[in-house]
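The chains carry the letters A, B, C and D, assigned in the order they are written, with residues numbered from 1 in each.
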């Protein structure tokens, strides 16, 4: 029998880093979670335990902190690229770097140095960089929970022997949007891009009269691609957070889409992507 | 040996309920989580399994849904009182009801029926009502995460043989505020009261130059009591969410309160209350 | 207006500590989570920010680690008492200590130093000690998930206008036991006691033909008090983890207690205690 | 601009299902969590909202329950295949099904119908089936937490300007194993296979003197492939659950690998696979 090493990568996950910039009395805050994964000449470490090709995960963590000081943290995509390029360009044994960052939002309370965490969506990015200089940037968000209290129907589906669901002409449609969008280029104004994509997602969700969550998903993706030229592909995972109409008839009450039970599990799960026909090859962007 | 039944209560926990009010094209949304606990003549059910005195937890759930339809859901304190009074007043075997409600905030996206969940703090309440008509109302919030990036010191503490902490004249102070405040009366404008207390908490946190998290806690409580006459007592549980300054000296870099490691565990935990000297007796309010 | 400081305490929560004892080739492992809370002369720190009476939470953490080395960690109750007494006896400003410990179980894989975590229940304790020497010890467990697939009925309950539940003569009864039991004395063989209480809880759950979860709870408490003389009181919080019979009639199938939907929320929640008639006063034991 | 639909799938996630088999007084229990995802002719539902090709997620849930009754639930791989084949074979618009199942273990307490949940690892599987009859079966487990208290070193790694980690000749090595292994065939004795793979993983973890977590990972994968002919590839994600030696020198104490701080974040994350050189093509098995 011959056994071989398959795909592999290693790194430091979830380095929690807060960067403060003091502009006189006014402070600025970045609150991020950095995960780096490296790959390359890793046969030896797996087969013999020799670490000669291994840049320790502890060093990866240190580098994130040191770079936060040296270069600051502005847009997470740029900071991720900085780290990815450093690992690959400085270490011959490291051929590929993947850096993922989450960013948590804060709003000012008052004065210059007091903040309250905005618990809404988390901004995300995943970048890749390899020793041939190939680069990919995927931006994203997760936990953006949205709900339409009407303008959603569901009917006309397949009915088989296990189907008991009744068609509806008016239901609540709710989901927690997780979206990731691929940039055509590794350079850009990622801050403005993020704000505009987020708004496009919200707008399309609100403005789409929905006959299925898939339709809503596609409309959201299409809206982003139509309004943001820098984005060439977008992918979604959207749970259908079911809100079931409660049967109040036993209590002599009608329920005209007024009282709902918000269920936990099971839930529908819709996954899908929208892309430009001429989108460049994704290579490793989605890994 | 003689064994007896001690304190007990039972109920339905975490009934997730969404109430929509349709005002023409404009919809209003209430998203709550209701938990009721009843007690009374419960010797038999424990000792013999006779359920003759038991209002099923399933019925408690149904009642929450039916009442949401019949009476609507405006302020959670009022809705909780409605339920508590119903259970006690309608069932002779139920002598006491405790109803706890969490409310999740939503903001409008656009149009009249599209919403995005505001993931910030959760609004809470706990009410009690017993067959003697005694009533208590405690409002609250949790997961209000706040941070001051300066104006916080910590020094002058006890130093014993196990103390290694160095005093600091400038640190990040961050916490996730969980606060509950007791109303002097069971009637009130709970919506306005909540908004004002929340603001008072944020203001006091932001405006307090802190020598200890205890001092900040007390200042927050004092601010609430000074500005909101309807509140007679407030209690807090505030974790000290440590942000440790990263040592960048090994990399030839200084770190003048710029780069921090946000730690998970362990964390400081400060619990304390502030009350009026003449606050009425709390009775069962905090149970 | 006169505002005063109410009850308060502070400490270090969730110090994760692993203690290894090397007995030649055979290693022994203790994996615990320590939380200490101190109170005493804390007026000044709240009102003025003076930390002169404050033993830092960082020092509390250090003490846990140092004591783990000095004294080892055998039974968590004993280790908690050691810490509690140290804080109060060594610091005049600290009048009361509460120490809570969770312990995570591990089993040997093979050889002397390889372990697999037993993810079942978590063992717990809470001890109190004050400067008058008063001491309390409460042991416990949580997340002990148990299920009877028959021998559970539910009927004979109150039926009001909001009751739709149908009585049943055979259902699944499942719960996640959280139990805490108070020792009559602060000294004892806590390891053996824990093992025996745990077994008594399992036995009573398995052997009780149940007409209500309350009855099962009481039977479990009674069994512990009958078999363990050192325990004077026990308290439970037991969610009724509903397993609903799935209606398979639309598919031409019967369902004789064979296929169930395990629901998340809402759930019943049964809380209650059992104690000896002559149990000593609990004082602060349950705080 | 031309925008197109990318890869997509939809289904019902996390259908919690408990199946009881009554063999006289002795009951048998299966506790599973089923997630199905279908794909096929889904252009219309995305672009126009027509559900004519859509088998509702609610029906997918119903089917899981009905099949549990009709066919029972023995090995999760077989049950997943049954569902996957049904969806594809019965619906012309469904070209591909992916079914994922988690199984939670229970042990008997005593008697025939009382069980306690074994909270250790979760058993998993993912199967695929398409209308060309192509089939893949991946079995797995997650949350298998293991620890070696010695026989682990880490040194000889790259040292760059950001490296501060000190080499060690003796450390704790701990991880939570998540492993998935691909079967060469879609038929097999999955129950015995699972038990043997699990044991091989534990044995290899315990018996490997480790110079890096990568080495341990590879040894575990190799052991499985060497002992289980039905497995052609295995993949791991293994966090390095750091246990840091606490510095007790300030307290005049040494710490010869006795007292550790178990850290949460950040953590190392090692991902990698091991496969037979002649393993058949994976196709969609890992999707």
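Descriptive notes on the structure:
Quick note on the criterion: contacts are C-beta pairs under 8 Å (C-beta built on N, C-alpha and C of every residue); 3 or more make two chains touch, one makes a residue touch a chain.
Only a predicted model underlies this, so the values are computations on that prediction, with no experimental measurement involved.
Look at the CA centroids: the one farthest from the centroid of chain C belongs to A. When the interfaces A-C and A-D are ranked by how many C-beta pairs touch across them, A-D comes first. Chain A and chain B have centres, each the mean of its CA atoms, that are 31 Å apart. A straight line joining the Cα centres of chain A and chain C is 38 Å long. If you average the CA atoms of chain A and of chain D, the two centres end up 23 Å from each other. Residue positions of chain A with contacts to 2 or more other chains are 15-16, 62, 66, 162, 164, 250-251, 264-265.
The part of chain A that touches chain C in the complex is made up of residues 161-162, 164, 250-251, 264-265.
Put simply, chain A touches chain B in their complex at residues 15-22, 27, 29, 31, 62, 65-66, 68-70, 106, 109-111, 113-121, 143-151, 172, 202-203, 205-207, 243, 246, 248, 250-251, 253, 255, 257-264. Those residues of chain B whose C-beta lies close enough to touch chain C in the complex are 1-16, 35, 37, 42, 45-59, 61-63, 66, 90-91, 93, 154-158, 160, 162-165, 210-212, 214-215, 217-218, 221-222, 225-226, 233, 235, 239-240, 265-278.
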